[in-house]
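What follows is a group of structures, each given as structure tokens.
Okay, so chain A shows up in both of these, paired with chain B first and chain C after.
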Partner chain A sequence: MAYTERQNPAFYAVIALLVFMSVGPVILMFANSFKLDVDIISGTGGLLFLPTIQNYEKALCDVLWYEPNHVDFCSLKFGGAFINSLIIALISTVLTLVIGCMAAYALVRFRFMGRDTVSLSTLMVRMVPPAVLLVPVFGLWNNEFCLDRDGLIGGAIRDVFGGRGDVCLAGTHSGIILIYVAMNLPFVIWILQSFIVQVPRSLEEAARVDGAGPFQVFFKVVLPLIKPGLAAAAIFTFRIAWNEYLLASALSDRNTKTVPILIVNNMSEFNVEWGVIMATGMLLAIPPIIFTLLASRQIITGMTAGAVKG
Partner chain B sequence: MRIAMANRMTPYMFMAPAAVIMAIALLYPLGYMVWGSFRDWNPSQSIGEAEFVGLKNYIFLWSDPNFHESLGVTLRFAFFVVSIEMVLGVGLALLLDRDIRGMSVLRTMFILPMMIAPVVVGLMWRYMYHPTIGTFNRFLESIGLPKVDWLGDYALTSIIIADIWQWTPFIFILSLAALQSLPRSALEAARIDGATPWQQIIHIKLPLMMPVLIVTGLLRLIDAFKVLEVILVMTNGGPGLSTEILALRISRTATEFRELGVAAAMSNYLLILLLLLTVAMFAFTRWQEARAAKLRMVVEDDD
Partner chain C sequence: MPHIRLDKLIKRYGNVEVLHGIELEMADNEFTVLVGPSGCGKSTTLRMIAGLEDVSEGEIYIDDKPVKHLEPKDRDIAMVFQDYALYPHMNVARNMSFALRLQKRPKAEIDKKVRDVAATLGLSDYLDRKPGELSGGQRQRVAMGRALTRDAATFLFDEPLSNLDAKLRGQMRAELALMSQRVQKNMIYVTHDQIEAMTLADRIVVMHGGVIQQQGAPKELFERPINKFVAGFLGMPPMNFLDGQIVERDGDVFVVGDGFDLRLDGPKAAAARAHSSKDVTLGVRPSDLRYDADAPADGSLSLDVLVSEYVGAQSVLLCQCGPAKVMVELGSDTPVALGQTLTFAVNAGGIHLFDHKTEVAL
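== the complex of A and B ==
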């Protein structure tokens, strides 16, 4: 209403420039991931080149059903890492949502704690850098949170899965999932709380009059109504779990490596294979890019709820 | 009777999983870290075997030039990143707060950098900064300018630029949301009174946006202290210690130098710093709300 007059073409130029600046590096990486290393280093062609999927074949060599003839030794176990990342990110997202949803519901409906307490603790957790958790989590997951291998449960696990030493959280998927769930819970509770507040109480009371128990009310009445909030929370949790490097690198072992760890390890080598590295980077970036394109509205909701609502 | 009991237990049952997980995986580790920071502790020991050394780790850090360097780098990084991003983000929001077709597409494109893994962001920028094959130096070469050693001589500037690329959109989107929720009546009145666009911005839009802007800035500041992966991939703290921010130094002290006690003490210093920031932010929002409530009361009394 305020500015319905035709816009100056200069604005469109500014916008085009901004879009170019924010998306340019991603497109550059995308283009380079289809180039051979020789082409990247010699810099021929720019955007005009013959695309090749060799980099992707090399990155995914451990899950391909055929053997590409240019790969003589499959050194990069990207496929396995990708599956680890997927398991960890998906399970931790689902757990965080379920647990966070229940807690948020209790906080709102049973007036359990003040809103202040929740926002304060959300902020407190947001302020803790993952690097700060590195030392204690490393120590705890390797020592304190272990089951003695001679003990009842620990012994049983050792008999089933084999291996030596005590049964520890470190090196397992569940160890990494546990810390991600804990890290993301406050934010999820906070976001969902602001959505649950908007669910009319009368709706729940009507369900209760019809004989629904508290759990039924929660799952059949409240959950369907806060879907947008759930989507926002899910994307944020998934993004953190999917992208996180530091804690995963401290807690994982050879078999539970996630994709970010793989990329960092390959970047620190003396001779960086740019093509392959960019292909792995692209594969890691694809899920967040898809989310962004599909659900940018929810993401923006989640982001603004974080600051504007205080 | 049993139903009443069950009803009374319901909130606890709903809360229990979240409370247990956060106690085990957040509160306990933080307490454990404080405890560990008083010990001479290396990764092969359990914390019970580590020798208790009192405040030695803290005093050591207090006079450790490397720690000072790292703290300085962190503060400089956070200061420049937040101030430049605030100016750019708010400026862009003011500029683009119009009915432009395709605004939602623009916003979607803008949040892309934030969603991509920091590791990948570091990877992209490390390539673009590469001394010989990187995009920037190729460009400089093609227009006949001398090459720049981005990640060498200008390492800190380069990582600041990368962070600005990634996070300016965050401030842009938040300030755009704030801008679009401003009361239309105030802007309308100003326009009728003949305020120029600049006057509208300085006297009406910015003051009204201020609460959101301050919260946004503080959130960004807190996050700026957490940046690690981008820098790890781009420079790994080098050359020398010129880009080794505290978070990176903590992780290196723990994993490379194997001094968990010192790393824990360093983590505590960082936490105290961030705690002060957070408390300031929380106090500010509460104060803001109280003031708004008081204003509303005054207005209602007048009616």
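== the complex of A and C ==
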């Protein structure tokens, strides 16, 4: 059956179509990032053009050591946004994993009232689209979760850094990290649960008999065994946090905006700088690729092979 | 070595009581084997001693100190699990030294201990391998090595050989016996295999339905089982059971049933005479039947041979005796043809009688 399917030309046609659909836009973006805007919108759409790195020069103008001739004023702060993106994506990934693995372990191994309800409802949180969260989160982050300007800490922050008064979550790295953690946690808990269930209970019992306390059992036995799960969850969380646009656009300010927001800033009522958008898009794609390659090396199937007799 | 005592141990899962007041005392350096069919509560008992299961009622004493509420690590025990439970992310050396590393012992001491134990178990060449790269027998050895490295006072074994193939199991059984002689520690061993129990134990504890049926030395249990369950559980092939009645004739006592009429002598006769009920079950081990064409009728069984199973030096015959099937173990050189009716003498002392209703030995 499988053999005949492989022989069928339609099968290859479908495969080719799927490959084209997924790789096509990337190729298009890659090609366009080396074109001048004129070439991009000229409508010829051909592959014949004179490649230029002008777009990249413009996108990276604040980190380049020289000043490109064609850039009059460096309005794009790619370097800053890139660092913001890194800080937000990495910290939210680490936090999500730390909290997620502990929560998942508790949900799998401990018996407590409402365990099943908690397990289910965490996943239900995931079903709420970010757009629905946007307005309430924006309000809360701007008006509720603030350190009062008359208070001790808020006052101190204002005195040191200046600012309008109240120090609120909105516009800070912490504010964005917090909402990303909340958004990704349910999925991470859910995915790690399925990994923890597979850790044989007798391993934990053996560790307990060997003299390990609850935390040692968790950190020395369980955690190393669910490394593939942690890696998968890390890739997932990092990429969501890296690519997220909607919430970040509402919650970040000038100094904390991330790369996706920066890209959109290339559109104005006068001009859409397609070339720069494409170049920034290419640059944006690099860190997740590196991160995925690094993390996926941890995904080795059959980690628990040999633990117990199957 | 610590003295372990179980006092009226009861275990309940919800409303279901699975252990009904286990009382057990283990002598110093004794190899105790808990044996019984699946679900008899032997593993639960062991896990309660280890501290992996809560005790519902009763108490466990180690050196007269109640330990019911102690964590496993505070009970000075080492345990070998049925599925080995090796840490797959650590190599053999790190598996074996896990407990010592947790105790923060000096590195030199840990290395020496691991090397010593590995040498005695023949694992020296495998110290750098991960469990996944070892065969079943080697994993079993590592699991044992991990327990030995600990230097714990008591060793618990939860069916450690049940995952090995028959040949390896025999080998490991012998190694276990050697090891127990060498280390001289308390050993508590759980198995459902009566051969392991018979060969390894100083003391066998037969459990059934959450109750201890009988405990004692293997020979004692084999020769004087106190009820039909123990009699049927120990010994391979199992004991034959035939329904019969006690009949007194001319001053002698006979046990009579469909296809047999055996005269009882000595203490058996006295016990049968004194017993209130006349309905009994006759038990005869396959090894207590001996082919003897000239045996007197009141000391032998006449059996129709149905099947002969050749197992090398011995053959096991499956025979018909009235409505019941009877197994006979005899030398393979005995000339036997299927379909024949043969006479088998019952060895002196080979007759066991049980009350038909209560199944208690007379």
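Observations on the model:
FYI, the second predicted complex is superposed on the first by the 248 of 310 C-alpha atoms of A that agree within 3 Å, B and C clash if a C-alpha of one lies under 4 Å from a C-alpha of the other, contacts with A are read in each partner's own complex, and residues count from 1 in each chain.
What we mean here is this: contacts are C-beta pairs under 8 Å (C-beta built on N, C-alpha and C of every residue); 3 or more make two chains touch, one makes a residue touch a chain.
None of the values given here were measured: they were computed from a predicted structure.
Look at A:Ala212: by the touch rule set out above, it reaches chain C but stays clear of chain B. When chain A is checked against chain B and against chain C, the one touching more of its residues turns out to be B. Once the two complexes are overlaid on the shared chain, A:Pro200 sits against chain C while remaining clear of chain B.
By the touch criterion defined above, A:Pro51 reaches neither chain B nor chain C. Applying the stated contact rule after C-alpha superposition, one finds that A:Asn143 touches chain B and leaves chain C untouched. Of the two partner chains, chain B is the only one that A:Met124 touches; chain C does not reach it.
In the superposition on chain A, contact is made by A:Leu225 with chain C only, not with chain B.
By the touch criterion defined above, A:Ile289 reaches chain B but does not reach chain C. In the superposition on chain A, the residues of chain A contacting both chain B and chain C are 303-304, 306-308. Residue ranges on chain A touching chain C, taken from their complex, read 200, 202-203, 205-213, 216, 220-221, 224-225, 227, 302-309. Chain B meets chain A in the complex at residues 7, 10-12, 14-15, 17-19, 21-22, 24-26, 28-30, 32-33, 36, 41, 43, 46-47, 92, 95-96, 98-100, 102, 104, 106-113, 115-120, 122-128, 132-133, 135, 138, 165, 169-170, 173-174, 177-178, 181, 184, 187, 211-212, 215-216, 219, 222, 225-226, 228-229, 232-233, 236, 246-248, 250-251, 254-255, 260, 263-264, 267, 270-271, 274-275, 277-278, 281-282, 285-286, 288-289.
Listing the residues of chain C that touch chain A in their complex gives 50-52, 71-73, 77-79, 81-89, 98-99, 102-103, 130-134, 136, 139, 146, 150, 163. Within the complex, the chain A residues that touch chain B are 1-4, 7, 11-12, 14-15, 18-19, 21-23, 25-26, 28-29, 32, 40-41, 43, 99-100, 102-103, 105-107, 109-110, 112, 116, 119-120, 123-140, 142-144, 178-179, 181-183, 185-186, 189, 214, 218, 239, 242-243, 245-246, 250, 260, 263-264, 267-268, 274, 277-278, 281, 284-285, 288-289, 291-293, 296-297, 299-300, 303-304, 306-308, 310.
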